[in-house]
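Take this structure first; my questions come after.
Chain nomenclature is as follows: A, B, C and D, assigned in order of appearance, with residue numbering initiated at 1 for each chain independently.
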Amino acid sequence: MVQANLDELSAALKTVQKELTSKFGKKLLETSTFRGELTLVVAPEDWIAVLTYCRDSETLGFDRLDCLFGNHYPERADQPFEVVANLTSIPNTTRVRIKTRLADGESLPTATGLWPSAGFDERETWEMFGVVFDGHPNLQRLLLISDFQGFPLRKDFPLEGLVGGRIRTDLKGKL
Amino acid sequence: MSAPSQDQAPPAATTLRPTLEELRERKARSRQPVHGDREVLTVSMGPHHPSMHGVFRAEVDFDGEVIVATRPEIGNLHRGVEKLAESLTYHQVIPLTDRLHYVASFAQNHGYCEAVEKLIGMEAPPRARFIRTMAHEMTRISNHLLWLGIHIMDFGAITFQQICFREREYMMDMFEMLCGARLTHSYCRIGGVAKDLPDGFAERMYGALDFLPTRISEYERLIDKNRIFLGRAKDVGIFTSEDCAAWRVTGPALRAAGVARDLRKDEPYAAYPEIDFESAVEYEADVYARYRVRMREMRESVKIIRQCLENMPEGPVLAKDAAHVIPEKKDVMRSSAAMIQDFMQVFQGPQVPAGEVYRAVETPHGELGFHVVSDGSPKPQRLHIATPCFFHCQATTPMWEGEMLADVVGIFGSVDVCLGSCDR
Amino acid sequence: MTQLIFLVIKGCIVFFFCVGLAAMLIWGERKFAGFMQSRLGPNYAGPGGVLQTFGDLAKLLRKEDITPDWVDKPVYKMAPYLLWIPAALSMSVIPFGPLDAQILSWRTDLVIANFDAGVVLFLAMGSMAIYGIVLAGWSSNSRWSLLGAIRSGAQMISYELPMGFAIVGVMILAGSMNLVEIVDKQAGNFWNWFWLPQLVGFVIFFIASIAELNRTPFDLPEAEQELVAGFMTEYSGMRWGIFMFSEYVNMIVMSAIMATFFFGGWRAPFEAWNVVPGFVWLILKIMFCIFLYMWIRWTIPRYRYNQLMDLGWKVLMPLALVNLAVTALVVVI
Amino acid sequence: MGLKDAIKKVTFFEILQGMTVTGKYAATKKVTIQYPKEKGEPFPRFRGLHALISNPETGELNCDACHLCETVCPSGCITIDSSEGPDGNKQLDRFDLDLARCIFCGFCEEVCPRAAIVLTPVYELATFDKNDFYLTKEKLLANQVNAHKELKKR
C-alpha cells in the first residue's frame, strides 16, 4: 500500500485529514494518499460514525456520496472484502475516500439513512460481492435476475461459462 | 421576438432567485396530496412502454392519475462491463466505455482515459487536450440535441424530435470524419487521442458553429414560450439542491437547482482551464429550468469549440511515453523503437503503478466517475464506474411521487438518462 | 320513386367520399408530417406514395387480429365500429349544394336529409362516438386502456358543452337549427359568413373540436407518451386500423360541420364565384380545416389531464356562455 | 401581465410563432437520403468491413502473422494460426475474423505494424446467413478492393 505522504494533498484536504484524525484518532486504521487523493480506512463498526461525521461536520461538509462499491482481494485471507465510499463536498470541491475491510460473511450497517442514494449502490455491492448491509430497506438483486446464483464480481467467479443464471421458465404465466 | 440568449443572462431574474425554503414550499405545493389508504392502480412503466427511456422499468402505483409510489427496476441492459474490464488491459477497456452511454460515448472515453492518466501520473500533450475538449463539447451538443428532441416529444410534440435529429446528424458526421465512427467513437487513448484532426475538419466545424446558434434560437421560437409547454414544464418535478445532494443527482439537473457545480470548472481537466466559458445555472429546479440549462449549455459548447479550434496548438496528439502509450500508426510504420513500443503495449499492456484513483468528469448528463484500482498489473484490479444515470434512475422515486401520470416520462427525461450507462 | 333513388345515390356518394377522403388523409397526414420534419414521408407506393394507405390496408388485413383472453369479446369487437359509424351519420345533414338543384334533367336537393333538427342530430351523433372509445377501453380489461377510456369520457363531456354553446351562437344568428337554412343565412361574400360575427364562438368550437377528435394537444386518451396507446392498446390488425381510420372520418365530419357553421358551407367566398359547383367549395373548406388540424398536431405539445379540465371548464365554458349572452343581446337589440 | 402579454395570449401568438417554424420546414428542402436508392458517402476514416491487404505487384500478403491484432482485440474476434514457412519466415495459415463479435473499435488496424489489416468504408453488412459473418483469409483478401484509396493517409 502506498504510504501517506501528506505533502501532496491540497490545503483543503489537509484540513480534512487533520480534522478527521483529531476526531477519530486511532479509529482511522490507515491513512494513505495517492495522486493527491486521501484514503482513510476504518473498522466496520466505525463505518457509520465516520460517514455521519463527514456529512454533518460544518468544516468537512461532505454532502454527497459519489459512489459506494465493493472490492474483493482473495489474497487477503482474513478480510478479503472492501467497501469503499467516495465522498464529495460540493461547496468545498473536495473528495475523500472512506474504506472498510470485511471478513467473508461479515455485514455492514447501511448508509441509506445518511444518503438515500446509497440504496442502489448497496444493492449492487450486495449482489456483486455478497456483502450484506444491515438495515437496508430493500436488499434485492438489482442488475441481475433475482434468482442469480453467486456473486459475479468476486475474483473467483469465472468470466465465461454458464454459471450463475439460467433462463427463467418458472415465472411463466406469473408475469 | 428573439430568443433570450446566453449573453443577456437576465439580471432581473437574479433578484427573483427562489431560496431553498421557497423551493421546498413550491415543491410541496406542486405535488398532489398522496393518500396512502386508497386503492391504487399499479402499472408497469417500461421496458415495453413506448416512450420510457431505454429499458428502464418502474412499477408505479397510481391513485387516479397521481403517483403514489414507484419501484424502479434496472438491469435489463447489464453487460458486466466492470467484470469484463478486469480481464482486459487498460487499453482494451476503452471500447467498452463507449458502450456505456452510446449517445455521448466520447465523454465516457474521455473520463476513463483521464482516470487512467491520473493513475499513471501522466498528462496528455496540449494538442490532444484541446482535441479532447472539443470532442467532449461536440458530444455535449449532440447529446443535448437528442435529449431536447426526445424530451419535447415526451410532452407530445413529435416534430421536434426529427428537427433536432437533423442537426445531431451533422455532429455525428463530424465525429465520423474525426474518428471513423458515428456512435461508438473509441477516440480517446491513454496519453492522448487516436488520430489528429483530418484535413478540412476545422472548416466543416466552423460551418456547424455558424448555423447551430441560429438553429437553437429556432428551437426556442418553436417551444420556449409555448403556453402548453410552459404549463407542462414549469413547477413540475421540482428537485431542490438538497434533494440532488442526497440522491446524487448531478449535471444539468443539479445546476438547474441553483448549484454552480461544474466539474469543468471545479476540477478542471483537459483544456478547460485555458478556455473562457461559463456554466449555465438556473434556480427554479423544475423541468423547465433543466431545459433552460441545457439550451444555454449548447450555446456555451459552441463557444468552447470555437475557442478550441482557434487556440489549437501544434504538436503531437499522443504523449511520448513508452511505458503507457500505444504509439501512432505512422510512427510504428517508420521507426523500430515505436514498433517495439507497440508490441510491448499490446502484449504486455501499460506499466501502471499500484494504487487507486477516482476521477470524475462532467459528461452531458452528469458527473461520471471512474474508480480505478490497480495492483500494478496491466489489467485493472477493479474498475468501478459511477455513472450519473444509475443515480438518476434511482432518484425517480422521490421525483415522481405526487406528480401526475402525464409527467412521468417528462420528469424522467428531464434528468437525461441512458440505460446503457445505468446498467453498465 | 326518383327521390328515393336519388337518396340512395347521394348517400352512397357521401359515404364513399368520406371513406376515400379518409384514406387519402392518412397518406396526406403522414406526408405533411414528413414535410414539416424535413423528410419526405411515404414515397414508395405509387407516385409520391399516394397508395400508401392501401398498402397499409393490405398489411393490416393480413395481420393476425389478436383478441386477448381477458377481454369482453362482443363489446371488444364491436367498439371500433361504434366509434365512426355514428360520426359518419352526421354527414347526412351537411348540405353540399342548393336545394332543388338541377342535375341534367332531374331536380333534387343537394343534401341527404333536410330536416329542422340537423344540429341536434350532429350533437347527438358526436356524443355517440364516445361510446366507442369508452367501451373499447373498458372491454380491453387493460390498465392503460381503462385510463384512456376514463380520460376520454371526462374529456368528451367537458368539451361537448362549450362546443354546444358555441353552436347555439350560430343558431341564434341563423334563427334556425336546420343546416340548410344556416348555410342560406350565410349567403354573400366571405365576410358575411358566421366566423366573423361569431369569432369567439369559432375559436371555442375549433378548440373543442380538436378535443372531440382526440388530436394533439388534446389527444390524452391515446397519448403514447403516457398511456402506451390508451384505449386501443390491446387492439391489433384491422380492428386497430378501424380506430385509426375512424379518426380521419371523424375529422372530415367535424371539418364539414365547421365549414357549414362558420364558413358558409358550400358557398363560394365571393358571390360571383358561385358558378363553381358548391361541393367543390365544401371540399376545399373541409381540406382547409383538416390542414389546420394537422398543422397544429405536428407543432405543439400535449396538455396534462388537469390542465385540460381547467381549460375546458374554467376558460372555454365561461367564454362560451359570455359569447352566447352577447350574441343574444345583439340579436335582440 | 401587461397589455402586450394579454394580446399575445389571446391571439395565440407563441403558438402561431411555433407554427411558422414548422410551416417553414414544410416548405424547405428535405434532408433525407433515400437510402437504398442513394447512399451516403462515408468519410475516409470510417470504420467498416475489414480487409487484408496484399502487395499489388507480387500478390504477397502484407501480414506477418505477428498476432498483434489478435491480442489487442477487446472482443477476441480474430483468430490467427501461423507456422514456419519454407523460407524460414513466419507464414500465415489461418486468419479468421468473426464479424458478429467484432465491435469495430479499429484497434487491430491501429496496432498493425504492416498496414495489413484495414477497416474499409463498407457499411452494408446485413446478410441472411449468419455464416457470412465468419470471414476467412480469402474473404478478407477479397475485401481489399473496397479499401480506401487514401489508405496511406489514415
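Quick note on the criterion: a residue touches a chain if its C-beta (ideal position, glycine included) is under 8 Å from a C-beta of that chain, and two chains touch if they have at least 3 such contacts.
Values in this document were obtained by computation on a predicted structure and should not be read as measured data.
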{"item": "Third chains touching both chain C and chain A", "value": "B"}
{"item": "Per Cα centroids, the chain farthest from chain D", "value": "C"}
{"item": "Of C-D and B-C, whichever chain pair has more C-beta contact pairs", "value": "B-C"}
{"item": "Where chain C and chain D are represented by their mean Cα positions, the distance between them in whole Å", "value": "50"}
{"item": "Separation of mean Cα positions, chain C and chain B [Å, integer]", "value": "45"}
{"item": "Geometric centre distance via CA averages, chain D-chain B, whole Å", "value": "25"}
{"item": "Chain centre separation (chain A, chain D; CA means) in Å", "value": "41"}
{"item": "Residue numbers of chain C (touch at least two other chains)", "value": "36-39, 298-300"}
{"item": "Set of chain D residues in contact with two or more other chains", "value": "15, 18, 21-22, 25, 31"}
{"item": "Multi-chain contact sites of chain A, meaning residues that touch two or more partners", "value": "none"}
{"item": "Arrangement of touching chains [line / ring / star / complete / other]", "value": "other"}
{"item": "Touching chain combinations (by label order)", "value": "A-B, B-C, B-D, C-D"}
{"item": "Complex contacts: residues of chain C adjacent to chain B", "value": "33, 36-39, 143-144, 146-147, 216-217, 219-220, 223-229, 298-307"}
{"item": "Interface residues, chain C side, partner chain D - complex", "value": "32, 34-40, 43, 295-296, 298-300"}
{"item": "Chain B contact footprint on chain A (complex, rising order)", "value": "2, 34-35, 37, 39, 63-67, 69, 71-72, 84, 86, 90, 93, 95, 97, 115-117, 119-120, 128, 141-145, 152-153, 155, 157, 159"}
{"item": "Contacting residues of chain B [partner chain C, same complex]", "value": "41-43, 49-51, 62, 65, 152-159, 162-163, 166, 222-223, 226, 228-229, 231-232, 404-410"}
{"item": "Chain C contact footprint on chain D (complex, rising order)", "value": "15, 18-19, 21-23, 25-28, 30-32, 34"}
